[in-house]
Amino acid sequence: MSKLAYLGPQGTFCEAALRLLEPDAERLPCANVGAALDAARDGEADGAVVPLENSVEGAITQTLDELAGGRALHITGEWLLPVEFSLLVRPGTELAQIKRVLTHPAAHTQCRGFIEREMPGAVVIAASSTAAAAQEVASPGSPYDAAISPAIAGEYYGLDAIASDIGDRSDTVTRFIKVNRPGRLPEPTGADRTSLVAFLRDDHPGALLEMLSEFAVRGVNLTRIESRPTGDGIGRYFFHFDFEGHIADARVGEAVAGLHRLCDDLRFLGSYPRADRVATQIKEGTADPDFAEAAEWLGKIRAGLA
Amino acid sequence: MSKLAYLGPQGTFCEAALRLLEPDAERLPCANVGAALDAARDGEADGAVVPLENSVEGAITQTLDELAGGRALHITGEWLLPVEFSLLVRPGTELAQIKRVLTHPAAHTQCRGFIEREMPGAVVIAASSTAAAAQEVASPGSPYDAAISPAIAGEYYGLDAIASDIGDRSDTVTRFIKVNRPGRLPEPTGADRTSLVAFLRDDHPGALLEMLSEFAVRGVNLTRIESRPTGDGIGRYFFHFDFEGHIADARVGEAVAGLHRLCDDLRFLGSYPRADRVATQIKEGTADPDFAEAAEWLGKIRAGLA
Amino acid sequence: MSKLAYLGPQGTFCEAALRLLEPDAERLPCANVGAALDAARDGEADGAVVPLENSVEGAITQTLDELAGGRALHITGEWLLPVEFSLLVRPGTELAQIKRVLTHPAAHTQCRGFIEREMPGAVVIAASSTAAAAQEVASPGSPYDAAISPAIAGEYYGLDAIASDIGDRSDTVTRFIKVNRPGRLPEPTGADRTSLVAFLRDDHPGALLEMLSEFAVRGVNLTRIESRPTGDGIGRYFFHFDFEGHIADARVGEAVAGLHRLCDDLRFLGSYPRADRVATQIKEGTADPDFAEAAEWLGKIRAGLA
Amino acid sequence: MSKLAYLGPQGTFCEAALRLLEPDAERLPCANVGAALDAARDGEADGAVVPLENSVEGAITQTLDELAGGRALHITGEWLLPVEFSLLVRPGTELAQIKRVLTHPAAHTQCRGFIEREMPGAVVIAASSTAAAAQEVASPGSPYDAAISPAIAGEYYGLDAIASDIGDRSDTVTRFIKVNRPGRLPEPTGADRTSLVAFLRDDHPGALLEMLSEFAVRGVNLTRIESRPTGDGIGRYFFHFDFEGHIADARVGEAVAGLHRLCDDLRFLGSYPRADRVATQIKEGTADPDFAEAAEWLGKIRAGLA
């Protein structure tokens, strides 16, 4: 049985994702993303599950930055989990009694319509996480009347959900990733994604265009690009890329090797099956047999045989 | 005298930027970035000053998202302000007595070295902002011993700085922008920056490369690109671009018009002098006279005169 | 009635094209392409008809070079004419009697199969043109028994065609152009072609890619590219381009103005209806209304009105 | 001792090139470029020397087309030879006596200034080659008074040069190539050129840009591009490319393999030392060690070792 660290405390969406998808794993809650990843790096856990991006809030920048630095970890899987907020109260509390609501600011933003409609007089106070909000509301003598949290947090902390799925959008999802220490890669499935982090050698104009051209020329489709500061001043960035295909694919390997030649540092973050199982559309001339045929032809040419 | 909204409460870095750079302006603290921008939109203030990005933390995503939606605002200026954290205490508190420190998580991250070295036993608790942390520490009966905040917050809330510039890096800066309701643009200075937000018509592979090509072909250098989720599901993004030059420049105008033809929606966010006053290097053949000459030539050709 | 110079002597394919397509024009045969173009330049003729390329032989380089230098001329029309060779003899000559055949080397190449099959013992001698070959065969006391020429040459010089359409390929065509002194351009038809000649400012690596990018970014499709030596040494070239659309089209005008900025010299060679009447496929976002809308939007932005 | 076919008859520039550069080779004159190449293909000769391009006239299209079809041949060397025309006469003829001059039309074009200045009353008649012109003038009873030919033709045919280097430009050069049947390639020298012929899979808009991108992404500089008709109608072309570097270079090999994947047919025409001995400037990140390092890194990544 594997042991997986995750972004805690108990009751986070991250734990919900983990429970749903690896129900048999032992779970190790960690105080933040960095701590969860370090647990995986140090061998305290076999791996870690952390959020990477949210369809409304965008990238989880701590995750991006923690993966870009420190000892290497590989993404070995991804999951998309709908974000469903519940309004959690101590047993007996009624909607009309709610004056002070505790939640994470992002949840506040995403439930603004419900709050204005159903609890127009309530004050919303910021908590460090939605699960921590539930934990606090559950504590004896808490000055807060309700928490906006994942349903799972209610189970943990003995709170009742007096409203469910209260987000303004019903289609919000969070993308979670599972990471492990480097090792044998997941097998290619035909519906894979590869992630990496690129630090440019020098930040000349057109450098980003050059990087994108490495992908385009080999018919590799980017699915996400995030710029992050290197820390060396405004205007200095490094880049996170997600793209279709597996590093074992010839076109992906050649594109990534091309990036390697452009970059000061290139960190491979893994090749893994896509959560949505959408098969990669392969552009004519870029399938593995096309590369093999071209390589064979080139070998003959170089040997003077054609 | 102008009145400028800013990201409050009193004592934020944002206020420090504003006081330094527009000392005579009347200041209106707002609870969050959205509120500050709305004050400018509604005419409650003449404009607003908010942070856009930080050299360590990256983009301030609330600012990106608030500018991309709602009524249009134009950036009319930018400033780079060094981020210097102070350790603030109630008068009389000594370093050795500090057990519980309140600050914003980003400040915590940036001062981790100091904390481990100087206050190894202290617990750090998250506040919603560094200024709010100071305000809380200053309140009678506060359970917290110290705040990590801008020096200015100490002045406001009557706290003493027992240590200054305690960040792990001494070169961290935040880029603040001033925004106004649309109106006459700042004059070109030769060292300008232009910002905009692009929503792609359709998110086909290669769409980002196409957008970057619009800039490259006219010799316009990108200085920043941020992808943000549209909210319509993982994998759907819009883009913030900063680039060199002024919308009044021929090459910039043509590039932006080219983007307009590619995009479903393109929001201009302003042309304004760069904080660093670095003059734009103009690639041969892309200066205004080159465009004028080409246009004149084309006019003659079309008229059958050459 | 207009007077048109053409590549003579009488009986050339060029004359056949001219007779077919402008039957009422007065015809002025010229000794070579340069002389025909000069007749148009000098006003000796109202225009000129010359071959530009052949589907088997390729570009007629004299035409390319003569159009690139000297006083400007505009292409105002193009025609595609099938190349059909006849075997012409003095009346009474029979196939079996033919020992010595006169023709232009290109015609020899294109009729090689017929010659080997039907006249295996004949010797083929090179003439300066297929029409000149007919003229020579028709002269009293000619040492040649037959000419391979256009049928029209037989009519002129009193020769009989004992075989027709003897080319190895039945689908060979020549593209002829009509040129005039610069003046009002032909109206756009939606199925137009534009031609120009570009002399690069400097011949750096990637210069050709830059030129092609000017077209690609505006969705303009190239239909022909020819490199020609500038005369300043091996490795120094200028380029002839044909592309879809009319210089009056917004996308074409902008692409051509972009080339103008890249080039030391750019010579417009005309916009004119395509011989094949194939309408230009306009890529999304590159039609005239798209450009107009973008320009209007840009105007408002620059005026501070949006 | 090797035997080399060349474009005859005796006395051509091609022979002059061959005599200068491989003085010990046995020489086999051939009637045209195709015959010379076939002599090499058939083993009648060990190789062939033919002209490829001229700095004033451009490409020798017969050579381009003959190399693109038929059995494969490899270019193994190239030479640049200045084109110097002499005015050749039978011994005793004086300049003032010259009424009828025989030469190839290209030579006529290149000596126009001399003819107008020194022999204003002379008529120039077209010959099939400059060497054939000398041969004809030398024949007893020739109706021609002079030939414009290479000096070497005078030696062969017993004519006197009464004027030398009479071309209007003194810097005209012809590029000759030596071809052999496929075999071991010339060793890389650091100043190499590679030639090939590309037949596109389909002739979609942007196909040429795609091909050039294959070179650009690997930092390979094109030095020549020629479009030639496939024969399948106006608007259908294939392409000859010359570019810097040797097929044994990693960047060249990868670029050419990329072209192979784009093309229906790709014919390698050889890697050989440049006549001008100009060393290839290698763009950062594209040298062989850069490719080797990237490949090694990729191998570790794929094996799960990094």
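So that you can tell them apart, the chains are marked A, B, C and D in the order they are listed, and the count of residues begins at 1 in each.
Throughout what follows, a contact is a pair of C-beta atoms (placed from the backbone, for glycine too) under 8 Å apart; a residue touches a chain by one contact, two chains touch by 3 or more.
All figures in this text were calculated on a predicted structure; none of them were measured in a lab.
S.K.: Please tell me the distance, in whole Å, between the geometric centres of chain A and chain C computed from their C-alpha atoms.
M.R.: Centre-to-centre distance between chain A and chain C: 59 Å.
S.K.: Measuring from the mean C-alpha position of chain B to the mean C-alpha position of chain C, what distance in angstrom results?
M.R.: 58
S.K.: Determine the centre-to-centre distance between chain C and chain D, using the mean Cα coordinates as centres, and give it in whole Å.
M.R.: Centre separation, chain C to chain D: 25 Å.
S.K.: Show the residues in chain C shared as contacts by 2 or more other chains, in ascending order.
M.R.: Each of 213, 216 in chain C touches at least two other chains.
S.K.: So that we know how the chains sit together, what is the shape of their touch graph: line, ring, star, complete or other?
M.R.: Shape of the chain contacts: a ring, since each chain touches exactly two and the loop closes.
S.K.: Which of the chains touch, listed as pairs?
M.R.: Chains touch in the following pairs: A-B, A-D, B-C, C-D.
S.K.: With touch defined as at the start, can you tell me which chain C residues reach chain D in the complex?
M.R.: Touching chain D: residues 53-58, 61, 80, 105, 126, 128, 169, 171-173, 175, 205-206, 208-209, 212-213, 216, 221-229, 231-237 of chain C.
S.K.: Can you name the residues of chain B that touch chain C in the complex?
M.R.: 72, 182-185, 201, 213-214, 216-218, 247-248, 253-254, 256-258, 260-262, 266, 268, 284-286, 290-291, 293-295, 297-298, 301-302, 304-306
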